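Quick one: this structure, given as C-alpha cells, is what I'll be asking you about.
The first chain written gets the first letter, and so on, giving A, B, C and D; residue counts start at 1 in each chain.
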Amino acid sequence: MADILEIKNLNKQFGGVIATKDLNLSILEGELHAIIGPNGAGKTTLISQIFGQIFPDSGQIFFQDTNVTKVSEYKKSRLGINRTFQITSVMKSLTVSENIQLATDTTRENSFNFFKASNNQYTFFKKIDFCLRQVGLIEAINQPVASLSHGDCRKLEIAMALASDAQLLLLDEPMAGLGPTETKEMIALLKRLKGQQTILLIEHDMDAVFALADQISVLVSGEIIATGKPNTIRRDSEVQSAYLGGI
Amino acid sequence: MDYTLLLIQVLNGLQLGVLLFLVASGLTLIFGILDFVNLAHGSIYMLGAFICASLTYALDSYLFAVILSLPVIAIIGYAFEIFLARPLYARDHLDHVLGTFGAILVIDTIAHLIWGPAGIAIPLPNYLDGQITISENIEIPTFRLLIIVVGLTAAFGLLWLVNFTKLGMLIRAGASNRTMVAALGIDIRTLFAIVFAIGATLAGIAGMLIAPITEASLGMGNNIIITAFVVIIVGGIGSVKGAFVAALLIGLIDTLGRSFLDDLFKLFMSTGAAENSAPAISSMSIYLMMALILSFKPKGLFPPRLG
Amino acid sequence: MKKVLAAIIFCNFLISSVFAADIKVGFVTTLTTPAAVIGEDMKNAVNLALEHLNGKAGPHNIEVVFGDDGFAPDTGKQVTDRLLKQDKVDIISGYIWSHVLLASRKSVLDAGKILISSNAGPSQIASKLCHENFFSASWQNDQTPMAMGEVFNKDGIKSLYIMAPNYAAGKDMVAGIERTFKGQVVGKDLTKWGADAQLDFSAELAKAKVSGANGLFVFYPGAASGAFTKQYHQAGLKDLLPLYSVFTIDGISLPKLQAANFSGIVGSKVTQQWDPSLDNQANKRFVKDFKERFGKYPSFYAAQSYDTINMIASAVIAVDGDMSDLVGLRSALKSADYNSVRGKYSYGNNNFPIQNFYLREVVEDSDGNWTTEVIDTVLTNHQDPYAAECKLK
Amino acid sequence: MQFIRSFKFLILVSLLVLPIIFNQIGMSFYLDLATRLCILAIAAVGLNLILGYGGMISFGHAAYLGLGAYAVGIPAHHWLYGGLDFLATNNGFIHITIAIVISGLFAFLTGLICLKTKGVYFIMITMAFSQMAYYLFVSIEEYGSDDGLVINTRSQIPLINLDDPIQMFLVSFSSLIFFMWLVQLITKSNFGLILSGIKDNEARMVSLGYNVYLHKLIAFVFSGIICGFAGVLLGNFTTFISPEMIDWSRSGELMFMVILGGVATVMGPLFGAIVFVILEEVLSSITIYWHLPFGLLLIAVVLFFRGGLSSLLSK
C-alpha cells in the first residue's frame, strides 16, 4: 500500500512557542493511525496544518503524492481530506439530513443551483440514508440538530465526514465529552469504519486508541518521539517515561 | 501653504478628536467588554448637554453645573444598564440594535417634550469665553483649548485606569475573555454596571463640553453616534488605545478635509466644481478611510488580543 | 390585527368627515427635529390669524391641517400627498425649506390645487418652474441677500467671506449676495445641512479669519443660528471680521441668545422685508397679540404665516368659498388685497412679491427684551431677478 | 398549520383588495399607502435574503433603493432637459436594466471588501459605503444635490401606465409577490441551504469545502439587485428622489422591518413592512410625538416577542 499522506520536516512556531518541530509522518492508505500525546503537545495544531487552516513555517505535506503544504482548507476538502473538530462543529439550526446534504460533493458541486429545490434529489436520499445508518442516526433524520444529544452530534460529525467521500479523515478527539456508553458506541462505530477509510485519529482515551489503531505515533512538545504498532508503543520505554508513566 | 492656518486647523481637529474619543471610548468599553451594541450612547451625550444646560441656568454657573451633572449622568447610565441593556446581553447584536434604536426614539422625544425643540445655549463664564493668544497671529478660543485639555486628561486617565488598576485589569480581561473574569470570582454584573456608568459619564462629559459651542440640541447625539462607531471600528473594538488613535485621526481628517480640500481641488478642476464637490468628499473622507482600513485590517487598527 | 387597523383607519376617516369644515387649508412645516422651533412659531402665528378671523373667511369656516415635514424633502412630499389625498385640503401652504418645497411642488400642482409658500422661495420656482397656481407670501431667496449686498456697498465693505448651508436656499443666498455686492468674495464655505447638519464651524471660522476679508456674510436659519453666532463670538472675530447675516438672527434666536447673555450681537444688522416695528395697523395688532399670547416677539416666519392665512381668507371671500374656481382664486391672490403685516405690496408675473426690503438692527426694547428695529429702507418695490425668466405674463 | 396558512393568504388578499376598494370609495390615500408598503416590503424581502437567511447584517441597504430610484430619475432628467444623450430615456425597461446593473455592480464591488469583515465590522462597513453613496449624490449638483431630484416623467412600459395609481399599485403588488416567491425558491435550493449553513457555522462550511466568500458575495449581489428594483418602483411612485433616502436611518428602517416581521421567514418582511408603515401613518397622524410610542413598541418587541411577529403566528 502507498502512503496517502506524507509529512516532511514540518515546523511551526507561535510567537516563541514551538508547536511543531521537525515533524515527519507517513500514513498508509487504509490504516487507522492514532496520534497521542500530553495536553499541549501540538496535536490539534498538527491537524490544522494538515487541513490547511494554518500553514507551517517550513516543511512539506504531500497528499497522494501532491504537495499540498500551502493549499487552503476549502480546497483541501475538495481534494478529499476532511476533518472533525475537538469541539462539536455542526450546523445547529438545520436538520440532520440537511447537515449531511451540505457535506456531500453533490451539493458542493451544484452549489450555484439557485432555483432548483435542494430536498427532492434522489441521489441524496440514498447517501443520507447510507451515512446515517452507518453511524446509527437514521431515526433522527428529520430532527433539527439543536435537539440532538452531545453524543449524537459527534456521530453526526462522523456521518458528515463519511458523506464527503473523503479519502482521509482527520478525527480530532471524537470521544471528547462522551459518557461511558456513548464512548463504547463510538469505538464500535470507528471499528466499522476502519478499513473502509484512512483515518488519522487524535484521542486521549488510551483504551480506545489501543483498541482501534493500526499505527500509533507519540507527539511530545511538537516532536514525534515514537511511531509503531500498539504493542511496540506500549513497551517503548521512552514513551512510558515521557507520557505513559502514569498508567 | 499657510502654516498658521494649518496649525489652527490641527488644533481644531484635535478638539474634535478628543470629543469623539470621549464618546467613542465609552462605546468601545461597553461594546468590547459587555459585547453590547449601544446605539443610544449618543442620546446619553445629548442628555449630558441638556442636563448641564438646565443646571447652568439653575445654578448660574457652568462649572457647578458640570460637576453636578456628572453623577446625574452616571445614574442615568446605570439605570439604562439595568432596564434595557441587562436583559439584552444574552441576545445577538440585532436585538441590541433594534432595542437601543427604540431607546433613541424614546429619549429624543422625551427630551423634545422636556426642553422643547429650540435647543439651549449655555453661557460661559468670562474667563472661558475669550481667546488665548499663542503667538502673534495665532489665537484660539479659550474654551476650545479647555476641551482639548479636559479631553486629553480624560483620555490619559482612562488609559491609566485600564492599564494600571485592578478595575482596568478586569476590564481588559473582560474584553478578551468574559468567562475568565467570571472564573476569577468577580461579580460580573457589578463590573458591567460600573463599565456602563463610566461609559455613559464619558459621553455625558463630551455633551457638556460641546454644548457651550453648538448648544444642546435635539438629535445632536445621532450626529455623533455614527462617527463614534466609525472610530471604534477603525480603532478595533474594545481597545481604548485604538479608540484614541482613531478619534484623533478622524478628527484631523475631517477638519483638515473641510478646510483644505476645496483649495486642493481647485488645482485640477473648476472653482465651481471644487466648491461643490469638496464638502461632499470631505464628509465622505472618514468613511473612505474606514473602508480602506477595514479592507486591509478587517478587525481595525488595534484588534484586542484573544484568549 | 388587520381588521383592527382597518377599523382605526375607517374611524379616522369618519372623524375627519363628520367635523369637516367648509374650507380646509393644508399647512406644511417642521414640527420635529431641532428645526421645529421655526415650525412652532409658524403654527402659533397661523392659529393667531385664525383667531383674529374668528375661524372664518366671510361666512365660510376655515380649518387648518398641519403637516410635519421632518426637515427632509421626501418626508415633506409624503405629508403633502397625505394632506391632498387623505385630508382632502382645498389649498396647500407653509414650507420653510426650499428643498422641501421643490420636492412637494409637483404633487400639489398636479392635483390642480393652489400652492402658497409661507417662507421658501427657491430660484427655480421663480424662473423656469414658475406656475400660475403657485404664490409666494414671502420673498424670492435671492432678494434678502441682494439687499444686504447693497448695504455692503454703502458701508464700503470691499471683500467678503461667505458661509451658508449646502442646500437650495443656501446656494440662492450666495447667488443673491454676489448679484449686488460690488467687492470681492475671498472665500466661501457650504456646510452640511439637513437632519444631521454640521454645527461646529471651527474650521470654517479659522479660514475666514485668515482670509483677509472685511466682513463675514452668513445664512444659518433656525436652530443653527445660535450655534453659529456663539462660535463667531468665541472665535474673537467681532472686531476683526464684522458679521452680516440674513435669516439668522431673528425672533427665534434672539430670546435664546439673550438668555445666554450674548451681548455681542446687540447692534448687529440684518435685512428683511418685514420687522416687528413696521408701522401699520395689521402689524401692530399682530405683534401685540403675538407677544401677549406667546411671550416673545414673532419671527419673520410667523409674520409670513400670519399673512398666508389672511391672504387665503381674502381669496376665499372673493370666490365666495368656491374653491374649484381657480381663475377667481388666482386673480384674488394676485391682487394681494389684504392687510399684510409688511404693508402694501404687489405681485410680479412669477407670483413673487414686489416689496420693500429694510435694514434692521438688533436693539433692546423698553422691557429689556432683544428685538430688531428698522433703521433704513434698502430696496423699494423690489422685484426678484428671476421674474424675466418666467414664462407667465 | 391550516389556520396559519389561510391567515397568510387572507393578508395577501386583503393587501390586494382593500386598497382598491378604499380608492374606489374616494380614499385614494390608502392606495398610495399600500403602494409604498409593497415597495418597502420588496426591499425588506431583498434584505431578508442576506440578513435573515445569510446572517449578513447590512446597515446600508437604503443605498440600493436610492440607486434604483436615481436610475429612473437621471435618465428621465436628461430625457426632459437634455444632456448626456446616451443616457436620456424614459423607457422603463432601460431604467430597470440600469438599476439592476448599477445596484448589482455596487453590491459586487462593495461586497468584495465588506465580506472580508464579520459581525459588527460588517454592519459598519456596509453603512460606510451607503454613506459614501449618500455624499456622492449630495455632490452632484446636476441631479439636485441635497435638494433631491424631481422625476417629472414616469418610466414608460408597454401596456402599463404607471401614472395611474391603481396600475402603479398592481405593478408593485405583483412585483412583491414575484420576489417573495423568488426568494423562497432561492432559499429552498442548494444555494439557499448552503447560505443557511454559512449563517449557522461559517468555519464548518469552509472545512466542508465551500467557497464561503463567493457564496456570500452572490447572495449579497442578489439582495442588492432586488432592492435596486424596489428603488425603480419607489422612484416612479414618489416621482422624487433625494440623498436623504439613502441615509443610514433609512437603512435602519429597512432592517427593523425585517427584524420586526421575523428574520428568515417568507412573510416576515411583509409583516414588518405592514406594521411599520401603518404604525408610522397612524401614530404620526395622531401626534407629532409619535416616536415615543413607536420607540416603546420597538423595545417591547425586542424584550418580549423574540423572533418577530412571524413567531407570534407560528406559536
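Assume a contact is a pair of C-beta atoms (placed from the backbone, for glycine too) under 8 Å apart; a residue touches a chain by one contact, two chains touch by 3 or more.
If you're wondering where the values come from, they're calculated on a predicted model, not measured in any experiment.
Looking at the partners of chain A and chain B together, the chains they share are D. The geometric centre of chain A is 75 Å away from that of chain C, both derived from CA atoms. Between the Cα centres of chain B and chain D there is a gap of 32 Å.
We define each chain's centre as the mean of its Cα atoms; on that basis chain C and chain D are separated by 35 Å.
Chain contacts: chain B has residues 112, 222, 276, 279, 283 touching two or more partner chains. Along chain C, residues 32, 36, 166, 195 each make contact with two or more other chains. Judged by the touch criterion defined above, the protein chains form a pattern that is neither an open path, a ring nor a star, and not fully connected either. Here the touching chains pair up as A-D, B-C, B-D, C-D. Residues 185-186, 188-194, 196-197, 199-201, 203-212, 215, 218 of chain D are the ones touching chain A in the complex. Listing the residues of chain D that touch chain C in their complex gives 10-11, 14, 18, 27-30, 32, 138, 144-148, 150, 152, 238-242, 244-245, 247, 249, 278, 282, 284-285, 288, 291.
Per the touch definition, chain C reaches chain B in the complex via residues 32-37, 39-40, 166, 188-192, 195-197, 199-200, 202-204, 206-207, 210, 223, 226-227, 230-231, 233-236, 252, 256-257, 259-262. Those residues of chain A whose C-beta lies close enough to touch chain D in the complex are 51, 53, 73-78, 82-83, 85, 89-94, 98, 101-103, 107-108, 110-119, 160, 164.
Residues 31, 37, 84, 87-88, 91, 93-95, 97-99, 101-106, 108-110, 112-113, 222, 226, 229-230, 233, 237, 276-277, 279-281, 283-284, 287-288, 290-291, 294-295, 298-300 of chain B are the ones touching chain D in the complex.
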